[in-house]
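Scroll down for the structure; my scribbles are underneath it.
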Amino acid sequence: MSIDTLGPLLPAVPFVAALLGLLLPQRSRTVAAVLGIGGAAGALLIAIDLALRVDEPYSTSVELVRFGNLPVMFGVLIDQPTLLVALAVGVVALAVQVYSVAYLADDDRYAPYAAQVSLFTAAMLLVVVSGDLIVLLVGWEVMGICSYLLIGHDRRLPEAPKAAVKAFIVTRVGDVGFLLGIVVLGVNAGSFQIADVVGSPLSTTEGTVAALLLLAGVAGKSAQFPLHTWLPDAMAGPTPISALIHAATMVAAGIYVVARLYPVFSASPVPLAVLGVMAAITMLLGALAATAQDDIKRVLAWSTVSQLAYMVGALAVGAPGVALFHLLTHAAFKALLFLAAGSVIHAVGSNLMSTMGGLRRGMPVTFWSTTIGLGALIGLPPLAGFWSKDAILAAASEETGWVAVLVFVSGVVTVLVTAWYATRLWLRTFFGEPRSDAARHPHEPPGAMAWPVALLAVPSALLGFAAFSGGFETRLGVHDLVHLDASILVPLVVLTVGVLAAWLVWRRDTAADPARVLGPLRPVFANAFYIDNVQDALVVQPVRALARSVRRVDESIVDGAVEGTGDGTLRLGEAVAGVHRAGLSRAATAVLAGALLIGLAAVALGGVQ
Amino acid sequence: MILVAVLAIPAVFAVVVALLGDRIGRIVGTAAATLTFLTSLLLAVRDDPDPLPVGGRAIQPWQELNVPWVPGLDLRFHLGVDGISYPLVVLTTLLTLLCCVYTLWMVPDAGRGRLLTALLLVIEVGIVGTFLALDLVLFFVFFEVVLLPMYAVIAVWGGEGRRHAARKFVLYTLFGSVLLLVGVFTIVAATGTADIIRLTATSGAGMSRTTQLVAFVLLAVAFAVKSPLWPLHTWLPDAHTEAPTVGSVILAGVLLKMGTYGLIRVAVGVTPDGAARVAPVLGVLAVAAILVGSLVCLAQTALKRLIAYSSVGHMGFVLLGIATLSAVGIQAALIGNIAHGLITGLLFFLAGAIKDRAHTGDLTRLGGLRETAPTLAGILGFAAIASLGLPGLAGFWGEAFAVVASFQRGGPLWTVLAVAAAIGGAVTAAYFLRLLRKVTHGPAAPSVASMPRLSPAEFVSWAPLIVLTLVVGLLPALVLGMAFDPVWSLTYDGSLVWFSR
Amino acid sequence: MVQSVDHAALLPTYLAAGTALLVLLVDLAIARRAAVLTVAVLGAAATGVAAVVIGRGVDRSTFCTAAGCSYVADDTGALLAVLFAGLTLVVLLLSVPALRSLPAGEYCFLLACAMTGGVALGFSRDLITLIVSLETLTLPLYILVGLRRRSIGSAEGAVTFFVISVVATAVTLLGAAFLYALTGSVHFGGLRAALADNAALRDIPLTAAAVVLVLVGLAFKVAAVPFHAWAPAAYDGAPVPVAAYLSTASKLGGVVAILYVAVDALRPWLDVAGPALAALAVLTMTVGNLVALRQRRMVRLLAWSSVAQAGYILAPLGAFALAGGRTDEALSLAVAATIAYTVFYVVMELGAFGAVIALRPGDADGGEIADYRGTARTHPWVAGAFVLALVGLAGLPPGLAGLFAKVVVVRSLLGGQAGWLAIVVALNAVVGLAYYVRVAATLFGPTTETEKRVRVPWAVAAALGAATAVALVVGFAPQLVLDAAALSQLGR
Amino acid sequence: MHPVIPYVTAALLFGLGVYGVLRRRNAVLLLMSVELMLNAVNLVLVTADASVVGAHATGQVFALFVIVIAAAEVGVGLALVLQLYRLHRNIAVDTVALDDGSLDDEPVGVG
Amino acid sequence: MTTADVLLFGLGAVAVGAGLLVVTTKHVVRAGLWLVVTLGATAGLYLVLTAELVAWVQVLLYVGAVVVLLLFAVMLTRAPIGVSYDLDRPGWPALLVGAGSGLGLGALLVDAYRWSTVDLPATGSAERLGTEIFRSWVLPFEVLSVLLLAALVGAIIVSRPDIGERR
């Protein structure tokens, strides 16, 4: 098959799988599983095939529709980074699909779930390959709705529906900006084709405005401050979904789009500065919030927020390739961590670390996989995360300007905090005495769950070495990914400090939570600096109040005017009818008085003429 | 020939159905609706497959019929179909057919299903006639035809407060159409012709600037009431809340489109100069409609009322598109029309199904639908998601490109309007998700405890809407391809604003 | 000198008067309801046919003096004669149930007398003949209104009608007398010439007063506000067929009188009369509609609605009289619109009253609106005709006749550049629909008790069917009416 | 002869008739007032015949017709008044109701 | 001031004065009698204005028939012979409208005719009037006969509730 048709097939295969899956009756688990896994596997195979065959960027397009002078093209724009991300998506999606078969073994709504995961995959792949911003937006939003559906999947969790709505609305708020940004770019270029948009000159103001608008969408999707609040709540979804959302799809989309449209952002300093500040804040915020969580998935969720900020930081310092590198490694180790956490939860029956402990003996595979994942997360050499994080810090240190300094400093501090909370998670989960009955008798999950975890450990551990391959660097469009010089010592030292600090605190009382040393800051971190509450008070409640008052105004004033006109007419009718409820003589008076008045008026008028 | 058939079949059968027995009447009515639908598809056949291009603002109907009717009133029986009207005609015949099919099995409590079917056919005549008319006076006549049958549908088969709602509907919309009458004859008096083709080609030559302005304002108010545009919308929630399911479907699905279609074909077509001068006001009101509609929905507790108010918001996008007077905007309006017809039609079908089963439309008393009726909940989810303008489904194109058009228009006002409209889009998402959370999620409420399975009538009448929502979403060119040339020419090669400057 | 009289031209009038006399004789000789009715119906039909024949021939004039002719049998007159004869015929048929308790011979005789007045009115071309004809049309109606002799309402209605009518006649007569005193002429042609040529008259305010007095007195006939208050009482008190006649034939007479006087005789002074006519039109339609909103009794509602309709009828003339360029073309448009609207209106009003009669048992009065609840189930066809008539009066499809009637008026208003008046008409149409639709909805309401189905007499059914059929025909082919209205020589 | 004298007389008579019509409750007195008005009309017509140059006797003819009309109307009118009296035992015109058919039981509201 | 003027003025004053009493008197019967005076005075005016036929018809028909009819009606409705205080309604509007129309018309007429003088035509004869009627006004005359017939039949039918009742 020619690569021209393969490109569009990339999202099409899982899309068809999703469509068929949605039409299935709920009971047909097997077919659903085949469709789900088949869709993801098909996409992965196509991605591999393309990766092997495509050397030069290429694009195809057909006109989807034409609005006035603005055509919307359906087409793909495929280059090397595209395929790397597509591969990552394929791998994670396949892992998630396989894992889900077992994880949702006793869920009677598995069929729609699998189809929705397929749709999610298709949407992400559409974002990845699309050559047209409008079509990209299609994928972008479909992903949002899929995240909504999947987060709200769990019927037992009372907070699930709310979290799902929150995830969609918060990202949708950002998408207002994203849409407007696309509109600015498209109207300016007279086309929504990415190639045209990137190639057509923008005035500085327009460019800045467009970039900032797009950033709002990116912040929403990639969970950057201040639109990050949906992500931890999204943990209400089934664990594989968390893996999917946090690893390769959804959150990655924002980073990917910035990288794809990088010329728009780099054209003026303002967007980059905003990116930098956003990254610095989010990085620390996420990491600090992760220190005080008891829910294992929330720890991972906040770590995602923080890690995404690294990628944003890389973008801010002019290194989109590096950002994609971290995206890939993060996809691997975060998928691993979530799936592993899923195994733990599966075994313990709870999300809370206070009910775990000492699990390493009962679940060795999970333990070792998690250890690799956490090592990659904190940047332990030579695991994957080390290389990519190091590349980001190096890129920041090489760049000049306050933004770069800010990114670098916050990056290093975050390494410390990350090391601390990762260690805490590791120790609290797998060491010490079991703190609940379930934790005393842990068991490894079934193969369908264990294998994806184990397999994902491979890239988590080794993907970093890809940085040594020149081909990989070319594909990401960067040089010198590897910086084996003295500057790597700074993060390594900081890392060690973090790990040791956590270990020392833990060792004093292995049953207690190391987070206790945070003292009064603990609730602040646990509640992520109360940003949720602030948002609720500043945005949600006012909007609700506004809605209520608008409804009141609409019903009592706007409609009141209408009803009032009706009633008024009737009352007037009543009044006029009242005048007629009189004797015959009033009629005579009316005739003669009327004649007199009209006569007088006519005489007066006639006199004028 | 086909033009006449599309009107004559439902008209004749409406009478026949009213005279037949109840069950056979409904069957014959459905057959007639099917026939009409199939005939309307044939309208795509072009009399002159390869017409010579005509410059300027030309309407080039694919099929045309032009015979005098009442010369004394400048009234000619002048029908024609082109890319602007064709999709709406087909949508009308399709929705009527689906409603007839639905009535085949599900007759509202008041009974007399054959009369309901007959009235649906009469309404179809009026709506299709409005879309096909190429004579101003004829347009007005068809515009009026719909009024009383719709009143009857609400007043006879409606809910608790049906009489009040029906009266409000009929009086309010009559208020609009009498202004239309005045507007039409303002134009006819000034230009001496009621031929829409000629008036459009000359951009209403013969009218002074003031006359154009006055005429446009009259027409715009008339169409704004029908559409409805905030703040002339308040008949709509009442009518929708009380109307029977099929009534709501027709009302939202196609009746409102008479307003927006009229605005495009008549108001903008015949009085472009007036339109260009009033457009900013129209744009501001359209955005106000979007924001007010969506905010009210956010605080709304009744299911059908919420969907009704969502119509106000959606039609706001359509009207915003028209107000930009650009090819982009008007195309967006056209596809917005179709999408809203499909999606809101489906939503009202669903609301009706839920209300029939749960015996309440109160959001606070519903909940957990996906536990007891997963299919229904799934379709409701689909419809809600489509309605909130999810890209890839039909609703997206109209809304996104209304924003595009508004932005493209340029200038601070239109930019602000574009931003506000986009924000309105976000609020739309918020209230639809709130709706889903209240209705489908959570533990099953007592009201939804026993939900009968979906009947074949429901499947048959919903499936086309679901499929079309998806298909139009993926292939918007299905609707817009044929509309491109007419809109391009109507907007004088892209934008009337440039033309009027 | 013996003047030659063109008896052919007088044929319709002769036939009408002859019908009256024959009815009286037949009543004396046979004294059977059927015989009397047959004679009256045949007489009315013959009058109509004669009018058609006369109308198709050349215009004939007779009773001519140097000042002009008193009697001209032209298209306009023939059209009106046909209308009067037709209306009388239909009302006679509608009277069949009512005649069970009314004196049939006298009833038919009086109706035939009224018809004679109407026919003569259409042909008359001077003030004396016009006023005498109009009185002949009206006076029998006082009695007919009071003919339910056991009913206080009937007596009250008759007295009200009578008193107001006499006062209005006095006003008209005074105006006519002044006009004669000022111009020395009573013929329309003479008056017009004198008013146009004699510049001195322009400077005398008395002329304006005279013009207004004549028109105001005639406005009583069409029940224009403020000369309308008799109408509800008289309509409701009268036997229902008589109310039908009052609201159709009698109103037609008033319209004709106003048209003739305003357009033919007082043409040069229309600008003085214009504001008055426009104000009357606005007041009439508004007050009529508003009060109709609050009516409980069916016939009163129809009475008030017919008041409102009179406003629409007067509007084109008022608009013409007001508008800037008073061209002959605009005037003939306004006249045609007035006549056309009147014809449409008369047809639908007859349908409405016909349905009321068909739905009421025997010779009962109109009753309350609530009494009609559920008649759609018991009498679907009659209810259908009723609804058609009502929505026609409201001016909406499927009452296409009414729709076109409104269109005609609005068109002529906008053609006469009286946009504001068009808006007033339009808004009034909305108010009007509110009560028409209330009545129509009542028909479909649930019945409170299991009502016995009233059998509809065949005569009533035939009359109602004819009225409905005509309404449908002119609804789909309004050009027929427009052509007929355009035949009018008035204002040319 | 100064025509203004009979003309003003007629005007005053008409005014008196108007006053009487509006003032009198008794229907018979009301009719008398109407006669005053019609009488005034006749006076105008007859005076016009005398004062208009070259007039025929049209005014007098008109006046005769008016007298006949007045007589006919008085005849019918009195018959109606008597009928009212028979049913009502009263001929005060202001007890003759004009419009008592209004809705008053239904609450004001568009519905 | 000619003799005719003096006569016109005098008779006019009588007519108006008696008319005033017609509409103000408290005696029903006296009102009828004052009406006779007004009508008689008007007939006198007609005579001065050389309209003998009209004057005689006025005396015969009005004074002779109409007033008698009215007085019968007064008696049939059992009106009190003496003073009655319920004859009138409170009358500001009546006064306003009555005075307004009377004086207003008077003013218009004065404005129109001023103190102009015309010669009275030769005394008209019944013959001339007859010619006029039968030459030019046959039609209204005949229509009027239908009117009278209708009035006659109508008055009877209203007065006799038993006629035409279902037997």
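Labels A, B, C, D and E are assigned to the chains in the order they are written; within every chain, residues are numbered from 1.
As a working rule, a residue touches a chain if its C-beta (ideal position, glycine included) is under 8 Å from a C-beta of that chain, and two chains touch if they have at least 3 such contacts.
If you're wondering where the values come from, they're calculated on a predicted model, not measured in any experiment.
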item	value
Touching subunit B and also subunit D, the following chains	A, C
Pair of chains joined by more contacts [C-beta pairs], C-E or A-D	C-E
Chain occupying the most central position, where position means C-alpha average	B
Chain whose mean Cα position lies farthest from subunit A	E
Centre distance in Å when subunit B and subunit E are each reduced to the mean of their C-alpha atoms	70
Inter-chain centre distance, subunit B versus subunit C - centres from mean C-alpha coordinates, in Å	43
Centroid spacing, where centroids are CA-atom means, of subunit A and subunit E in whole angstrom	100
Rounded Å distance between subunit D and subunit E, as computed from the means of their C-alpha atoms	10
Multi-partner residues of subunit A (at least 2 other chains)	563, 566, 570, 574, 577, 580, 584-589, 592-593, 595, 599, 603
Residues of subunit B touching at least two other chains	163, 167-168, 171
Sequence positions of subunit E contacting 2 or more other chains	89, 93-94, 97, 100-101, 104-105, 108-109, 136-137, 140, 144, 147, 151, 154-155, 158, 161
Subunit A residues within the subunit D interface of the complex	563, 566-567, 570-571, 574, 577-578, 580-589, 592
Residues of subunit C touching subunit B in the complex	391, 396-398, 400, 403-404, 406-408, 410-411, 413-415, 417, 419, 422-423, 426-427, 429-430, 433-434, 437-438, 441, 444, 477-479, 482-483, 486
Complex contact set, residues of subunit C against subunit A	156, 159-160, 163-164, 167-168, 171, 202, 205, 207-209, 211-213, 216-217, 220, 226-227, 229-230, 232-233, 271-273, 275-276, 279-280, 287, 289-295, 431, 434
Complex interface listing, subunit D residues touching subunit E	1-9, 11-29, 31-33, 35-36, 39, 42-43, 46-47, 49-51, 53, 56-58, 60-61, 63-65, 67-76, 78-83, 85-86, 91-92, 94
List of subunit E residues in touch with subunit D within their complex	2, 4-5, 8-9, 12, 15-16, 19-20, 22-23, 28, 31-32, 35, 38-39, 42, 45-46, 49-51, 53-54, 57-58, 61-62, 65-66, 69-70, 72-74, 76-77, 79, 86-89, 91, 93-95, 97-103, 105-106, 108-110, 113-121, 124, 128-129, 132-133, 136-137, 140-141, 144, 147-148, 151-152, 154-156, 158-159, 161
